[in-house]
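Shared between the two complexes below is subunit A, which pairs with subunit B and subunit C, respectively.
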Partner chain A sequence: MSLIELENVTYHYPFSKEPALRQISCTFEKGKFYGIVGENGGGKTSLCNLLRGLIPHFYRGKLEGRVTIDGTDVQDWDTGRLSARIGYVFQNPFTQISGIKATVFEEVAMGLENLGRPKKEMVDEVLRVCKLLDIENLMEKSPNALSGGQRQRVAFASILAMDADILVIDEPTSQLDPQGTQDVFEIIHTLRGTGKTILLVEHKVDLIAEYCDEVLVMQGGQIVRKGPTAQVLADKELPQLGALQPQVAMFGHAMADAGKPLEEIPITLEQALRLVRRRRGEV
Partner chain B sequence: MYSEFVQKFFSPQTTGNWFKDLNPLTKLNLLLVLAFTALVAQSIPCALGLCVFYYLLAFLIGEFKYFSGIFSKLLITVGLFMVILRQFTVKGETVLFDLFGWNWTLEGLLNGLKVGGIILGFSGAIILFYASTEMRDLMYTLEQKGVPHTTSYIILASFQTIVDLKASVQTIFESQKARGIEVEGSLLTRAKAFFPVISPLMLGAISSAEEKSIAMDARAFSIDTPHTFLRELRPVPGWEKALNLTADLAFVAFCVWRVLTIFVL
Partner chain C sequence: MSIELINASFSYPGGFLANENLNLVIQPGERVAIVGQNGAGKTTAVKMMNGLHKPTAGDVLVDGKNTKEFTTAQIARTVGYVFQNPDDQIFNQSVRAEIEYMPRYFKFSPQETRRRVERAVALAGLEDYMGKNPFDIPYPIRKFVTIAAVLATEPKYVIFDEPTAGQDRRGTKILENMMDELQKEGIAVVTITHDMEFVARNFDRVVAMAHRNILADGTAAEIFGNNQVVEEARIRRPQLAQLALDLGLEGILNCEELVEALD
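Here is the complex of A and B:
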């Protein structure tokens, strides 16, 4: 059985005539890393809100179809319980900090306090996560005094400490400077090996190409492509669907158009270098 | 083996200062007793004594700079305002001096000092409480007493929001300045610059509030499991309870004495 299943889901935000999501049907498997790409207003964040249970519990609106998480309809999930099951990191690093904790250490522990974990377990878990995300040097600092990138790292740490099985990450680098973006890339790299089910919304397709098992392309509230990362990102029609294409994939297409095709369309730089070397007979 | 910083969370949080380490509710009780004493006493020497005591206590707890910065301003503004105001509203016969045909009377001066003293005696206690108590400690104590988690969060977050809004105003002002709009200068110039800022500030605050509530939801804030606390305060010792009780009884006795002196004796 799939971890998350969506069946003919259509959703209208309150007071909105146009649906944010239209007739969406798809499944998400346990332990896989999914990338979600697409144009602005394509429904990516709405899909995240749905998977996170914010739709219909927080944003009311009109929800049609069926969404099940671990076999239970999303409408029947208690939001508190669901938040322990599905972690959520979103765009704005400044609003993800509680604002009521004096140190990063306490900030990261906040979710565990809410879950009622014993103190020893809480401390050990916070230390583990801070080490994992390399924020041990920030532990004694005030969360309100951190940069955007550092706050985003703390937001990730706070969610990871809760040890949710599923992580929904919505454009985590969109408001960050290059250093902050690099920090988040490192976190994504770390998460890759944790065995969690991850859904990452991101415009930086190079990141998606490198880490994701499968990619969904959203346009006009619909999923217009879904499949293995190499297949979806190599699709020549991707720009017409409102999604960016990795530059190396565009290079692969240009080579093919010039009558010098590579063995396959590359989606990562490493792959492109390998294919070019092979074409030149170096390998 | 934990670092010294982490190890601190395994024992009650203390500062080493006897007054600051009192339970927040004890501090609140003691300071409210003093505040209401000023109100009930309605006497200039009592208010004056309380003001001196507040300064002394602020010095002893290492918060003199913070306390005196706020309280001294209040002392001057409220004191002056009340003294001047009472010259208008209180009729007196003992003229102290004449200022451009306006008679300043002893009765008006004493009344102004008395009312000002009550306000200062009351507000000094409140300022001292904020100077000596971290809000998170107060909220922790209230939660232990059964106040809902959500209520304590809203109170704490509201304090932080004031800081955030101040920062937002500054950011908007900087943007306005970059566009060549005058935001500094006379009161009128500042007012003219401030009004257009209000709507983006409020809209930003509403949007932030929505995102913040989602962020809190992501931290299992609404889960029905009993919460635990990483940071805990020391249990209230017997002597502190006795101190509370003594202060309350003394205050009740003082009130009774005041009523008797006014109406019976």
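Here is the complex of A and C:
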């Protein structure tokens, strides 16, 4: 049994004639890191909403087909229990920050506080995630006095503090600089190493190429590609499917079109470098 | 006619110094990308350009007028600023009302208001969203609502803060066509961005910032080719520019050039 199973799922938001998700069947395995790419409006966030139970518990609408998480139908999950299993990092950190806490420390602690955890345990956990996300220097600041990038780290930290075993992360790096982005990917990679299952919506395909086990491409509410990262990101049709492609993969295809093919289509910089050097007979 | 920062510094209330002695000139019709890591002072610098921040030392001149002597509303007619977070900017109930707000506020005739709104909507690709509530549409489209609202004021200088964040191919393409149109009309575009591939494709001039100040000001090829600047401003080179450098090829920024340069 897979951790998450979708069988023939079609979903309409309330009052909507067009389905946001169409005929989706797929599975997600425990401990894997999935990247979800594709054009805006393609269904990425709706898929996230489904997996974290906001569909159907909050948005209602019409859900057909079957979604099971850990063997239990998503319709039967108690939302409180489900949210303890699945952590969700919002797309817009300005939306996620509660606005009712005076310091970053309290903001990160809020979820644990609501669960009534003992104080010592709470403090230790908050300190641990603040260290992990390198926001220890922000702990005494007001969450409302932070830059976009800092807020994004705080929002991420508050979810990590909950220690859910499935993480659904919707564009966690949109406001971050390259170093911050790399750091966040490193952190997610570390989490994967601890057995967590991760679904990440992200436009930065160069980083997806380096870190993810599998990639899903969504377009028009459907999953139009799903498979090992190298296979999906090297697909020449990727741009026609509305998804971004790593520049080195486009370069690989352009070399082939110019009659100077590399041995395979690279998806990472290191791979491209190796393949060009091999073509030049340097290695 | 230009925006001039002359030894401009800015400290936030409480004393945090965000910019120190900036000197920068932005000419009409120019495209300038401002790059550098979070906290380098990029947003503070552009907020000085449109009078949201008045320099705490030095001066900022917009078309010869010292920003200290004018209100932000007055300067905003010449220098438009699109916020990083659209939710900081939007306050109307419909996309149409949001975009019409400034032309109405400036008391343009109904014809002139309509012309400005239609132009801004066409540039931002928002035709299908006019009747919607801005908060019911996806974040990346909402960002275009704020861009259109600023374009409807028809400023001579436009400042974008992270416009490609969260955008897909279509969104980025709309943005690029928009910048081409604005440039044809002689409007300067200043953009803060971390998206170096976007920079390599679209900007002739790049200003790299670090530690509250300007580290380098040059062409995209010059900036990406300079190891010291790349390291100090913590820039991530476009993938193919990095690949070319690793292969010992200089001055290459895009795919065609690289394919051409290889046997």
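Quick note on the criterion: the second predicted complex is superposed on the first by the 261 of 283 C-alpha atoms of A that agree within 3 Å, B and C clash if a C-alpha of one lies under 4 Å from a C-alpha of the other, contacts with A are read in each partner's own complex, and residues count from 1 in each chain.
As a convention for this text, a contact is a pair of C-beta atoms (placed from the backbone, for glycine too) under 8 Å apart; a residue touches a chain by one contact, two chains touch by 3 or more.
Fair warning: this is a prediction, and the values are worked out from it, not measured in the lab.
Look at A:F28: by the touch rule set out above, it reaches neither subunit B nor subunit C.
Using the contact criterion defined above for the overlaid structures, shared-chain residue A:W77 touches neither subunit B nor subunit C, since it reaches no partner. Contact with subunit C, but none with subunit B, is seen for A:K260 once the two complexes are overlaid on the shared chain. In the superposition on chain A, contact of A:G242 is made with subunit C only, not with subunit B. By the touch criterion defined above, A:F156 reaches neither subunit B nor subunit C.
In the superposition on chain A, A:M139 contacts subunit B only, with no contact to subunit C. Contacts of A:L273 after superposition: subunit C is touched, whereas subunit B is not reached.
Contacts of A:F251 after superposition on the shared chain: subunit C is touched, whereas subunit B is not. Common to the subunit B and subunit C contact sets on subunit A are residues 92, 94-95. Remark: subunit C residues 36-39, 43, 84-85, 87-88, 138-141, 162, 165-171, 194, 196-197, 234-236, 238-240, 242-243, 246-247, 255-256, 258-259, 262-263 touch subunit A in the complex. Residue ranges of subunit A in contact with subunit B, taken from their complex: 52, 54, 58, 78-81, 83-84, 87-90, 92, 94-102, 105-106, 109-119, 122-123, 127, 139-140, 144, 155, 158-159, 162. On the side of subunit B, the complex with subunit A involves touching residues 2, 5-6, 9-10, 134, 136, 149, 153, 156-157, 160-161, 163-164, 208, 211-231. On the subunit A side of its complex with subunit C, the touching residues are 38-41, 45, 91-92, 94-95, 147-150, 171, 174-182, 203, 206, 239, 242-244, 246-248, 250-251, 254-255, 258, 260, 269, 272-273, 276-277, 279-280.
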